[in-house]
Amino acid sequence: MPKTELWQWYVEEFFPTEQHHHAVERVYYKGRSAFQDIGIVETPVFGKMLILDGDTQSSQHDERIYHESLVHPALAGASDRAEVLILGGGEGATLREALRHPSVHRVTMVDIDRDVVELSKKFLPEWSEGAFDDRRSRVIVGDALKFLKEDGDRYGVIISDLTEPLEDSPSNPLFCDEVFRDVKARLGDGGIYVLQASTAGFHNMSLHAKMARTLRAHYRHVVSFYSNVPAFDNDWAFIACSDRSDLSTLAERDVDAYCAQLSGENFYYDGETHRRMFALPLYLRRELAKKGDTF
Amino acid sequence: MPKTELWQWYVEEFFPTEQHHHAVERVYYKGRSAFQDIGIVETPVFGKMLILDGDTQSSQHDERIYHESLVHPALAGASDRAEVLILGGGEGATLREALRHPSVHRVTMVDIDRDVVELSKKFLPEWSEGAFDDRRSRVIVGDALKFLKEDGDRYGVIISDLTEPLEDSPSNPLFCDEVFRDVKARLGDGGIYVLQASTAGFHNMSLHAKMARTLRAHYRHVVSFYSNVPAFDNDWAFIACSDRSDLSTLAERDVDAYCAQLSGENFYYDGETHRRMFALPLYLRRELAKKGDTF
Amino acid sequence: MPKTELWQWYVEEFFPTEQHHHAVERVYYKGRSAFQDIGIVETPVFGKMLILDGDTQSSQHDERIYHESLVHPALAGASDRAEVLILGGGEGATLREALRHPSVHRVTMVDIDRDVVELSKKFLPEWSEGAFDDRRSRVIVGDALKFLKEDGDRYGVIISDLTEPLEDSPSNPLFCDEVFRDVKARLGDGGIYVLQASTAGFHNMSLHAKMARTLRAHYRHVVSFYSNVPAFDNDWAFIACSDRSDLSTLAERDVDAYCAQLSGENFYYDGETHRRMFALPLYLRRELAKKGDTF
Amino acid sequence: MPKTELWQWYVEEFFPTEQHHHAVERVYYKGRSAFQDIGIVETPVFGKMLILDGDTQSSQHDERIYHESLVHPALAGASDRAEVLILGGGEGATLREALRHPSVHRVTMVDIDRDVVELSKKFLPEWSEGAFDDRRSRVIVGDALKFLKEDGDRYGVIISDLTEPLEDSPSNPLFCDEVFRDVKARLGDGGIYVLQASTAGFHNMSLHAKMARTLRAHYRHVVSFYSNVPAFDNDWAFIACSDRSDLSTLAERDVDAYCAQLSGENFYYDGETHRRMFALPLYLRRELAKKGDTF
């Protein structure tokens, strides 16, 4: 960007004392939905960025790191991929990734914020790459909480792609024991529930550990893994829950075999990457081993 | 603005080591014309702001300070207001102010950047308040330099509302002896040439002083005056040039009488304000008295 | 500053949505006194800066604008300058200015924060220029409130150089009717009470107007004036109160005669500058004429 | 930090369009050595930070991630640890880590900037933890380039802890074929040369890949690995070079056995962490497989 155009910035605050400033080339959208403040901007380094309530949700140039992490380990380890349920995921990229495996028959996605879905279709087509129009997609704009209680189906894989359960976030009520029970009721036998699960940096891993502690009461295997997502300025954690599968033990060659079945090419994930994601550093294992409060 | 919406900022750099950051509520436009980078944003404190090449041109909430300063002292002191010429002034607010006096028959405005004019009409109607549609307005999109050479008319008041003659600015070639001569050729006998003339702060008054020094070779009276424009984070200077009138000697009651003839109400300017604007502090008079280089 | 050294910034927040960022060359001090957070830094444009609770108190390169404005109009208009009282003024520059007139016999300065006084002596000697050691100086570290009640002297000029009465500021309890009465009790017949009186920008003049309204109940003449202080990013207002003198009517030549008696040279103030300071723009006069609440 | 103390910031620029802003509680030092601009500050999230030419070198709260990554994989895989050579490493933390293994007889450290070494001793004792005073330490302030040419010893492990070879950096001349040859001449048979090797993010991995390509001409095994260091806002890469050992094949239990021999406790590194560090994501392996230019 020429210096004369370098006047527009997106400032993300991680802590009251830590901020990331991104120069913005273009603002596609800035407004408020019924649920949250929504921004869509373009930056030289990250490309387009989706911003909800001031926090980066994903960036064009590295969203594949996040979405491949969220979707493929779970699908790779699942015994039944026919029915996949996504909670949240308004950008459509989680949907896109799930649809890449031929054994997926239907993906149901429930997001509460119609504006996020519609703005993503309009301004972020690189995220969904046509996934919203796939005949296997069932997109429901509505309350995931209500859906979980009323829906009668069972899913081999349930993917929670909700914003962080910060106070005032629309996702906040979705992180509680009752919802975790409702999710499990929708999960087929031996199914896998995977969720984006906050940050895993040495300085901000306590919320993740709290999520993991809470989920251990519900599942036999509760496994943390994480990837560094530069647009999040953070190591970003996930949790895979199952009564049958422990994703951390998936063999590298089985992951590679799974990836070979996907349409298109991965950017980030394969067997070796899987090995990286599930090998946790000492400080994080120590944190996860601590006792502490739960949701 | 709620904290969750406080992520979009406009950063203006005054010096490499001094910046003003404005939180932005809305971006109306961001793009490049053939001449410059153009931004139109809205901020809680200043309202809408027009930004050219990263510098604030005017803000909704205090543009009257700037435009009343630029237009009315000159018109108040002019012996002939029938024909007024504006160089630059794309927002239309200089035009608006000039049209407020009933003795003004025609205002000719020449701005090189059609995009600034059209975007101002669309997004900044509060600036022009219909002035572009006034039958006394003649708006020419074109090169002021060329216009000055080719136009055959004479004007009682010529108002230069150009951006600062910084390197790479489209206004840069307009600050030179040749243009100053061309301007004078278009000025009626005893006419007044007034120009926005850079900053007047103790730390950035040298460009202003250089302009004043240059103009003294062309006019008998070259008078500096200034107003503080908060959106510019600066005392902003003007220069009034004439072979007949010395605006600094205008009587307070004559200014008030002039103002009483204007349609609508002033926000900033009247006789007492005139007194303020033309009384210069010691450090600025010292700077203006120094010898130095010229354009 | 070379780009590699441009990493240290002082951020002043004026509104939650407006900030000024200054690159810092050097930090002389950062700490907390019993009363406030104190910072002393150096910047390329403003030189050294004193920062209390995150707000600029004065800068090396333009503090003369502020301190000459605060001190000299009052002294110029005073009938008795023998005894001068300063409330606050820890940097010592108000003291310095008051001592410049030969008819001043004694200046009593009362500041509550010993750290500000001692740090200013150590790091900001350019402010006090030896004033703390002048035999006419009486510097008292203590509570101005208590001093006003207990002191038995009368002063021809009382200068209030306190920080703004923001919530949590140590100056906050000093802006109330009771203190205004205590001040008046210490003022000699026809004496002048002058105070720094917050900002006078179109967007932040209401606190100033509230101060002026409050003081009108106590004095016959309550006159606002202001100067632009670039380090404050603002027009900064003062109020001069007296039952005898109206400083706005001081003749330019009388001010010049007064200035000629001062030791050393002024940077900012003289007769013409006085004229500027006391001529208020229309919007500020309108604000001052409004009814409203008082302290 | 209370809001009134939140005015001092350290701004790190990663790209001209990407900045990280850290609120600073305290500035311990800001100055220029003969080689570079040096800053030592304290922030709430990262603790003390060492800043050279505006770039974070290490932070108190996560320097162990960086220094354990740099030192222990190499020492764990080395056949001879008796003599260790560190190029750079002025903070003393690389020295500290190397001294933790009992089979290390001597660590020679050569850093060009005496100021960095002395300031680190004074202000950052948490980094060196007494390592400078260990009788096995030999600290040489001088030019690493010259040392490599003149020194006659051989080392089982050589650790390059130099700043990035950016233009104008004092490390820049140290990244070239000639120096790589000089390093190898100092390396014992089958010895290991490990170097910090720039960033490994998807958006800034090309410098790392260029380093790796260059080194492949010198060693049989050139292995990349990386760790996320939050204070660097980046995945940070390292390269281990050897004609005998391939660190990526070190068994997890051998690493754990090595770690058990260290004095004190690790924060980050052990067998599982080793597995993570050496398993590279797809995009980085693709980048490393590309042909391209070399140093």
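Order of writing sets the labels: A, B, C and D. Residues in every chain begin at 1.
Just so it is clear, contacts are C-beta pairs under 8 Å (C-beta built on N, C-alpha and C of every residue); 3 or more make two chains touch, one makes a residue touch a chain.
Note that the coordinates shown come from a computational prediction; the quantities given were computed from them, not determined experimentally.
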item: Contact-graph distance - origin chain B, target chain D; value: 2
item: Turning angle required so that chain A lies on chain B, C-alpha fit (0 to 180°, nearest 5); value: 180
item: Farthest chain (mean CA position) relative to chain D; value: B
item: Same or different contact residues where chain D meets its copy chain A, judged by the half mark; value: same
item: For chain C paired with chain D, centre-to-centre distance based on mean C-alpha positions, whole Å; value: 52
item: Cα-centroid distance, chain B relative to chain C, in whole angstrom; value: 33
item: Residues of chain A whose C-beta touches two or more other chains; value: 6, 21
item: Chain C to chain B touching residues, read off their complex; value: 1, 6, 15-23, 43-46, 61-62, 65, 201-203, 227-228, 230, 233-235, 266-270, 272-273, 275-276, 279-283, 285
item: Interface residues, chain B side, partner chain A - complex; value: 2-13, 21, 24-27, 30, 32, 36-37, 39, 41, 51, 53-54, 168
